[in-house]
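Chain IDs A, B, C, D, E and F follow the sequence of writing; residue 1 opens each chain.
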Amino acid sequence: MENFKLVLPEHLNHYGFLFGGNLLKWVDEIAYIAVTLDYPGCNFVTVGMDKVEFRKSIRGGSILCFVTELGKEGSTSVEYRVKVYKKSIETGERVLAFSTSITFVCVDEKGMKKTLCKGNKPG
Amino acid sequence: MENFKLVLPEHLNHYGFLFGGNLLKWVDEIAYIAVTLDYPGCNFVTVGMDKVEFRKSIRGGSILCFVTELGKEGSTSVEYRVKVYKKSIETGERVLAFSTSITFVCVDEKGMKKTLCKGNKPG
Amino acid sequence: MENFKLVLPEHLNHYGFLFGGNLLKWVDEIAYIAVTLDYPGCNFVTVGMDKVEFRKSIRGGSILCFVTELGKEGSTSVEYRVKVYKKSIETGERVLAFSTSITFVCVDEKGMKKTLCKGNKPG
Amino acid sequence: MENFKLVLPEHLNHYGFLFGGNLLKWVDEIAYIAVTLDYPGCNFVTVGMDKVEFRKSIRGGSILCFVTELGKEGSTSVEYRVKVYKKSIETGERVLAFSTSITFVCVDEKGMKKTLCKGNKPG
Amino acid sequence: MENFKLVLPEHLNHYGFLFGGNLLKWVDEIAYIAVTLDYPGCNFVTVGMDKVEFRKSIRGGSILCFVTELGKEGSTSVEYRVKVYKKSIETGERVLAFSTSITFVCVDEKGMKKTLCKGNKPG
Amino acid sequence: MENFKLVLPEHLNHYGFLFGGNLLKWVDEIAYIAVTLDYPGCNFVTVGMDKVEFRKSIRGGSILCFVTELGKEGSTSVEYRVKVYKKSIETGERVLAFSTSITFVCVDEKGMKKTLCKGNKPG
């Protein structure tokens, strides 16, 4: 799944670059959307992130492209890899600015782990 | 272009439905991203919207899919059609919840209209 | 009804002008307040906007004046015209920067259209 | 000057009432607008508030009416009295929910106090 | 209790200084946390503030230190003194930028005043 | 360093728990404050996070305590460990709800890595 986001002044730090905390918030939202669409009928909670790497600073006015890819799948959990690219408005090229992996667990109404809704797995 | 968004409690009105003003804000952001990616090297400003139709109310927790399509193209302006769908998490079906058309004008550094960067037009 | 709003840095786009989406959000809020005050006892939802025109760009620090006027009234719906002016802090003059019309429908507790509470109509 | 505001879920505390901090933020914005419109050509900064009284709790969905009145005027400073009323949507009655006084000082480009632009004083 | 906060561009006014309304919002939040931790088992509402003094303007990128101190204690109410300091990043010195006193009342489930939970008083 | 935060409805997901993305944003802000206070005269950017663990879900109205501890120190980078506790309002006990480590790099005005300002190191 690809998703786009515009970086506005309200998202910047006092050096004029994207405040990292905002990027983390968007990554959590977009990965949650990906897992929810991939496993219809399941409820998910985020349990962890790893290898969070801020590779390039990002200016106001940048257009970001978030690419989520399904990673390892356990019996009750599933991992996604999220890459965030800056799109060059001049040339259309994209540069990797951020990456992480994020893990969700499927839960029942009481918040207890339950088996992934495999029948609905994508593909 | 397709883009997704999660409706959180901070986006609701006091009846528990998406506050229309938030949807309008997202539509403006996403259409701006679309036109900027489609015409690299141009700067755009929103000049108008028309046929803004709120067709279905939208609950917290909904996943919205924004679909933007290039519409009429003038010499200095271009129109996009934006449709917003609610995705059913159970069945994967999508229902049209909102639609509008939105018009951008290409401007120079002084904010004066200029001819669209046609050489870079998509397709 | 007249209503005022201060444009802060958090509302700007990366060119330093008011991000259009924020203006649309404020217009929806203010028109909703107008219709709710004009028809006490009714619940309203926004169903549409038309002739949305961004006429002037708006800088940070501007004071905006929102003027709402009751327009056409149907049996279950009512239209408002909203004009947004920039106030000149030097001269006190005001310049039309934005206009639209917005339509509300009166609904019952189940969200079904119902007749406008005419007895309470203003004037 | 009268100004209206809609209380949305994003403004509430965890008891379902308006979070006081949001009300204080709105009062500062609206009083700043009042003093700026009343003394065109002056720049103001807030220097103090007094007698801040939260009189009634305010639920989500409330429509608030902010009434600002010019109070004492010094050589470089001016005081405003701000009252905030809840409008009853059923009866149209209004109930005083909050009041305060707020003092502004007129400053030059370096942030130093300067004499109020008396020639432009309202009335 | 000491608490820190970073001033980001989203918190500024159009002169590039912290918008006073945001500072008031933070003060209310932090004093509420202090009183809630000091009197476990009580529910509190803010009823007033006094001697609100904005002493120094605050730039983007500043680190603020909020210091709350327990003041007068009544049978159903309690007052806190809040001071906000700017930390110099170069020298580590701190400068008083804002101060106020804020009063809370202890309430029961119906929002009626009740006696402070004295047994749990700190110290 | 200890820092407190109140969880308001605007921070929740549609299940009524703290939206993870907001917690990540706060952690980035608070760790940035810690490193800036510990190494006066240095500018820092976040380069990575690791072992991000969401251990307990967090309800609206919770008071969170963020504890930051200086970890490994390199020549140009420094790591902090951040733990987030839920405070029980009834008993005063605290429960570990979240933990991570976060790494900053010291940069010069051009954004290039530079040696940590060791002379100013805490302790």
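For the reader, a short list of remarks on this structure follows.
In this text, a contact is a pair of C-beta atoms (placed from the backbone, for glycine too) under 8 Å apart; a residue touches a chain by one contact, two chains touch by 3 or more.
Since we're looking at a predicted model, the values are computed, not measured.
Chains making contact with subunit B as well as with subunit E: A, C, D, F. Hopping across touching chains, the smallest step count from subunit C to subunit D is 1. Under half of the residue numbers at the interface between copies subunit B and subunit F are found on both sides, making the touching surfaces mostly different. Distance between subunit A and subunit C, defined via averaged C-alpha coordinates, is recorded as 35 Å. Subunit D and subunit E have Cα centroids lying 20 Å from one another. Between subunit A and subunit D, the centres computed from C-alpha atoms are 41 Å apart. Multi-chain contact residues of subunit F (touching two or more other chains): 9-10, 15, 19, 29.
Looking at which chains touch one another, you get A-B, A-C, A-E, A-F, B-C, B-D, B-F, C-D, C-E, D-E, D-F, E-F. Per the touch definition, subunit A reaches subunit B in the complex via residues 1-6, 29-30, 32-33, 36-37, 40-41, 63, 87-92.
By the touch rule above, subunit E contacts subunit C in their complex via residues 9-15, 19. Across the complex, subunit C is touched by residues 15, 17, 19-22, 24-29, 43, 45-54, 57, 100, 111 of subunit B. Those residues of subunit A that touch subunit C in the shared complex are 7-10, 60-61.
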